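The same subunit A turns up in both complexes below, where it pairs with subunit B and then with subunit C.
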Partner chain A sequence: MEKTLKKENFNSLITGLKDQGYRTIAPKKDNNLVTLDEVQSADEIHLDHVQTNNSIKEYFLPKTEKILSYTLEKNKVSIEEPEGFAVKSVVFGSRPCDAASLPIMDKVFNWDCSDKFWVERREAITIVTIACDKCDNYCFCTSVGLAPDSKEGSDVLLTKISDDEYLVETVTEKGEGLIKGLETVFSDPVAGTPDRQVASVEKKFEIDKIKPWLDENFAHKIWAEFSMKCISCGACTFVCPTCHCFDIVDECTMSKGDRVKNWDGCQFKMFTLHTSGHNPRSTQDQRWRQRIMHKFKYYVEKFDNILCVGCGRCSRVCPADMNISEMLEIIATEENQKE
Partner chain B sequence: MENIYKPYLMNISDIIDEAPGVRTFRLNFLNEDEGKNFQFQAGQFALYSVFGYGESTFCIASSPTRKDYIECTFRQTGRVTNALSELNVGDTIGFRGPYGNVFPIEEWEGKNLVFVAGGIALPPLRSVIWNCLDLRDKYKNITIVYGAKTVEDLVYKHELKEWNARDDVNLVTTVDPGGETPDWAGKVGFVPTVVEETAPDSNDTIAILCGPPIMIKFTLPVLEKLGFKQEKVYTTLESRMKCGLGKCGRCNIGCTYICKDGPVFTAEEISKMPDEF
Partner chain C sequence: MIEALRKKAEELLRSNTVDVIYGYGEGSTPERTRPVFITKPEDVNKLIWNKYCVYNLTTYLKRQESRKLGKPAIVVKGCDAKTIVVLIKESQIKREDVYILGVTCNGVGEPLATKCKACDVNTPRIYDDLIGEKIENKEIPFDERYAELDEYEKLSEKEKWDFWQKQFAKCIKCYACSSICPLCFCDRCIVDKNQPQWIDPSAHPRGNLSWNVTRAYHLAGRCINCEECQRVCPADIPLNLLNKKLAKETEKNFNYRSGYNIDDELAMATYKEDDNQDFIK
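== the complex of A and B ==
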């Protein structure tokens, strides 16, 4: 289904969603940061940005979330299960790369057994993506098989067709249901081909060259070279929409407590540290290699997907100015030279 | 939808002090129906939790042939195992599992078995040892080589006595030089050397190995010298784990997730993994 949406109707859209019981999450400007956050009205929505500083991930895999609660009385333990964590929501104005991360992550959270905290949030949240009309040097979606107007993972895709109007394409039944429920907000498209304003993202490397090189080069010196600058802060893993590693810890007072799942990251030394003191990934080159290998080799072998959507956040946020797409370019070049 | 992180509640019905800092808990399901439906196989592991302190990963140390309970043996080292050590009979802990793959004991039927363990690595083998002993007719010769730093550090002392007294088990115990006591009747020496001296016949034999990395590293070449093919040598690996379900992302060695693809591997499988143990 195709419709159009005027910018001036954003407010009726958000109000309409609210009336239907949706929480709306959208890009919001706070000082200099544009963050995906809950909004109450369209006035708060900020769309003049390349990328939000946080990814869509935290609405499906929160930074910290209760997986069970317990009360302790003398010798008795009672367990309570969390409820109400899957809030009916719309993410409005996510980027296509963020949306594409969701079906990729569905695989790890559903294989063998399903993580209900992920699955129930996925069911409760509808994704309305806005295609990118601009990009920066860090963006590399086109190098990992996506595009600034990819539909993967979106329920509805909006594409700017003029300064004050968007083309609305429904991608899933869920998206169609959402649009149908708010018919008055949308208009029918005018005849003719609309002028889609979509950014042109430079293709930096051939993704097909990456895995063959990784298959052969676990012990290559490049890992030490790449990670020399790394300070092991793990910011890259936290801003990444596809990094999903987590920790499970107890938080407790005398008689009550929660077991919580927290974001964790492969760049931390503690991540793999054994109780004995032994650490299979004790040095930073091993940990950086793990990050690249997990994204471009291990996940591909296990789930047939690259664990990267080219959003560029890891490189934008890195305090040591490490740039993942530059590294992948080097790897692709190495592979080419081999041939 | 089921919460995959929700543990069973278990009652501690017995506590045995095995060695300094090493304890065995016998556990029973608080909910009898859960206990009746629970099944596991030798080689599998679980996450044990003390509410308020967190979860810790170790093997199920009892045999699946002993159906009324589960046992685990742990060394007091970190936050959770220290909290476990504070508990008494009648206290409740959490238990998630069974997770991981199993020892293929049906494939081993009709063969000789050699178990080699070092220190706190006997618990993961104890499950499969008792499993095979409880099905004794199905296997030929059973040899157990077990070593620890000192006599005091040997775990399951009462069971070692029992195995030693059996005609159908060849038990060889050893302690590191300096770890012996005046009345020590076993061997003195490191596990790899003792395995070489014991020289189990590799013909039609499966070797099952578990111990600290240094022991594994030096025992594998000895077994190879004795004629054991890599695919006939099994071991069980450990790693830091949080979910045990192939989601939390830390226990991998290359593409292999110890929690799902393991913890049981053959030496042949291990030889193909990248060097990141």
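== the complex of A and C ==
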């Protein structure tokens, strides 16, 4: 289904969603950052940005969440499971790369067991994406098989067709249902081909060249050379929409406690520290290699998907200017030279 | 200035005075630089110097990966040089372990970094070689040096609490603030100690408060105000406000400025029988 949406109707849209019991999450300006956050009205929505600072991930896999509470009494253990964590919501105005991360992550969260926190939130949340009308040097979606107007993972895709109007395309039945419930907000498209304002994202490398090189170069010297400046923090993995590692801790007293799931990241040296004291990834080159290998080799072998959507967040926030697409360009070039 | 820097770096490598130069190189964009590690004299052209050289490269003195490259010469601005003073005083390095390539600096960042607004170390106070025309360091009065705290200090206790609650709520526990800090050199940080768990690793209000306050307190009387924690914070938390407040209190109470004079005794790690603070006796 195709419709159009005028910017002036954004407010009616948000109000309409609220009336139907949806919470709306949209890009919002907070000091120097634009973050995906809950909004009450369209006035709060910020659209003049390349990418939000946080990724869509935190609405499906929060930075911290209680997965159960327990009490111990003599020989009795009682467990209480959390409820109400899957809040009926619309994510409005996230980028196509963020939306594309969701079906990729569905695979791991439905693999050996189905993660109810992920699955129930996926059901409860509808994704209304806005295609990118601008990009920056860090964007590389076109190098990982996506585009600034990809529909993967979106329920509805909005594309700017003039300064104050968007073309609205429904992608899934869920998206269609959302639009149908709010018909007065949308208009029928006028005849003719609309002028889609979509950013042109430069293709930086051939993705086909990456895995063959990784298959052969576990012990290459480039891992150490490239990662010398890395400071082993978790910024890249935490802003990444596809990094999904977590740690489970008990926050407890003698008689009761909460079991909590927290983001964790492979760049921390504690991440792989064994109880024995041995650490199989004791140096930063091993940890940097792991990040690349997991995204472009292991996940591909296991789930037939690259674990990267080219959003560029990791490179934008890196304290030491580690640039992932630069690393991948080097790899693709090396692979080319081999041929 | 860049030519002088490259020439000196080449000379140091050729004469085997040092094994590696920690310097600034071109970054992902023209507005960004990145740390580079030059081990071969023919690579010195990768070294640059411009207003985007914000990093405090002395943080690589704590990293096993860069330490393995051998004795370094480090390109340092006046502020960064103060770190080396603290590292020496705290027995982390010996003066002879590091060759200091001091650069004179009129401020970095675009817009100008907060740390540069009341700078009194345009010329480093410690160096082996000085690159660039010497700038006469100004004497800046106490109040002016801590001017960025003026607005904050006007807040009531409750307003301060609310301010920090809001700021810390943004924390994602990536620990970039401590990873980048050249003075956060503990091999195993208190957040990594889980038997018992001193600080909740969760990024919830309690966990975030205990982490951020502990980080700031461990730097009390030590932080040299390089502002790196604040620069790297992906959640845009004004961490340096805490550091600066603690530095101000330290100076007020102990007349001590971290890293300023190599002969000064450390404020938090010096024991004296005639200490003028009653509580310590």
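Criterion: the second predicted complex is superposed on the first by the 334 of 339 C-alpha atoms of A that agree within 3 Å, B and C clash if a C-alpha of one lies under 4 Å from a C-alpha of the other, contacts with A are read in each partner's own complex, and residues count from 1 in each chain.
One rule holds in what follows: a residue touches a chain if its C-beta (ideal position, glycine included) is under 8 Å from a C-beta of that chain, and two chains touch if they have at least 3 such contacts.
Keep in mind that this is a model prediction, so the values were computed, not measured.
Asker: I'd like to know which partner A:323 touches here: subunit B for first, subunit C for second, both or neither.
Answerer: second
Asker: More residues of subunit A in touch with subunit C or with subunit B?
Answerer: Here the partner covering more residues of subunit A is B.
Asker: If we overlay the two complexes on their shared chain A, which of subunit B and subunit C does A:249 touch? Say first, second, both or neither.
Answerer: both
Asker: Touching A:103, do we find subunit B (first), subunit C (second), both, or neither?
Answerer: It touches nothing on subunit B or subunit C.
Asker: In the superposed arrangement, does A:181 touch subunit B (first), subunit C (second), both or neither?
Answerer: It touches nothing on subunit B or subunit C.
Asker: Applying the document's definition of touch, where does A:119 land relative to subunit B and subunit C: first, second, both, or neither?
Answerer: first
Asker: Per the contact definition in the header, classify A:79: touching subunit B only (first), subunit C only (second), both, or neither.
Answerer: A:79: touches subunit B, not subunit C.
Asker: Does the superposition put A:297 against subunit B (first), subunit C (second), both, or neither?
Answerer: Touch partner of A:297: subunit B, not subunit C.
Asker: Is A:111 in contact with subunit B, with subunit C, with both, or with neither (first, second, both, neither)?
Answerer: In the superposition, A:111 contacts subunit B only.
Asker: Considering each complex separately, which residues of subunit A are in contact with subunit B in the first and with subunit C in the second?
Answerer: Residues 247, 249 of subunit A touch both subunit B and subunit C.
Asker: Which residues, counting only subunit A, touch subunit C once they are in their complex?
Answerer: So the residues of subunit A in touch with subunit C come to 30-33, 53, 63-64, 137-138, 224, 227-229, 231-235, 237-239, 247, 249, 251, 260, 262-263, 265, 268, 270, 283-285, 315, 317, 319-321, 323, 326.
Asker: Okay, in this complex, where on subunit A does subunit B touch?
Answerer: 67-68, 70, 72, 75-77, 79, 81, 108-109, 111-116, 119-120, 218-219, 244-250, 252, 257, 259, 261, 264, 266, 271-276, 278, 280-281, 286, 290, 293-294, 297-298, 301-302
Asker: Contact residues on subunit C for subunit A in the complex?
Answerer: Result: residues 27-29, 32-37, 55, 59-60, 63-66, 69, 172-176, 178-180, 192, 194, 197, 200-204, 207, 228, 231-232, 234-236 of subunit C touch subunit A.
Asker: Spell out the part of subunit B that touches subunit A in their complex, as residue ranges.
Answerer: Counting only subunit B, the residues touching subunit A are 1-7, 9, 49, 51-55, 77-78, 81, 90-92, 94, 212-213, 238-240, 242-243, 245-250, 252-255, 260, 274-277.
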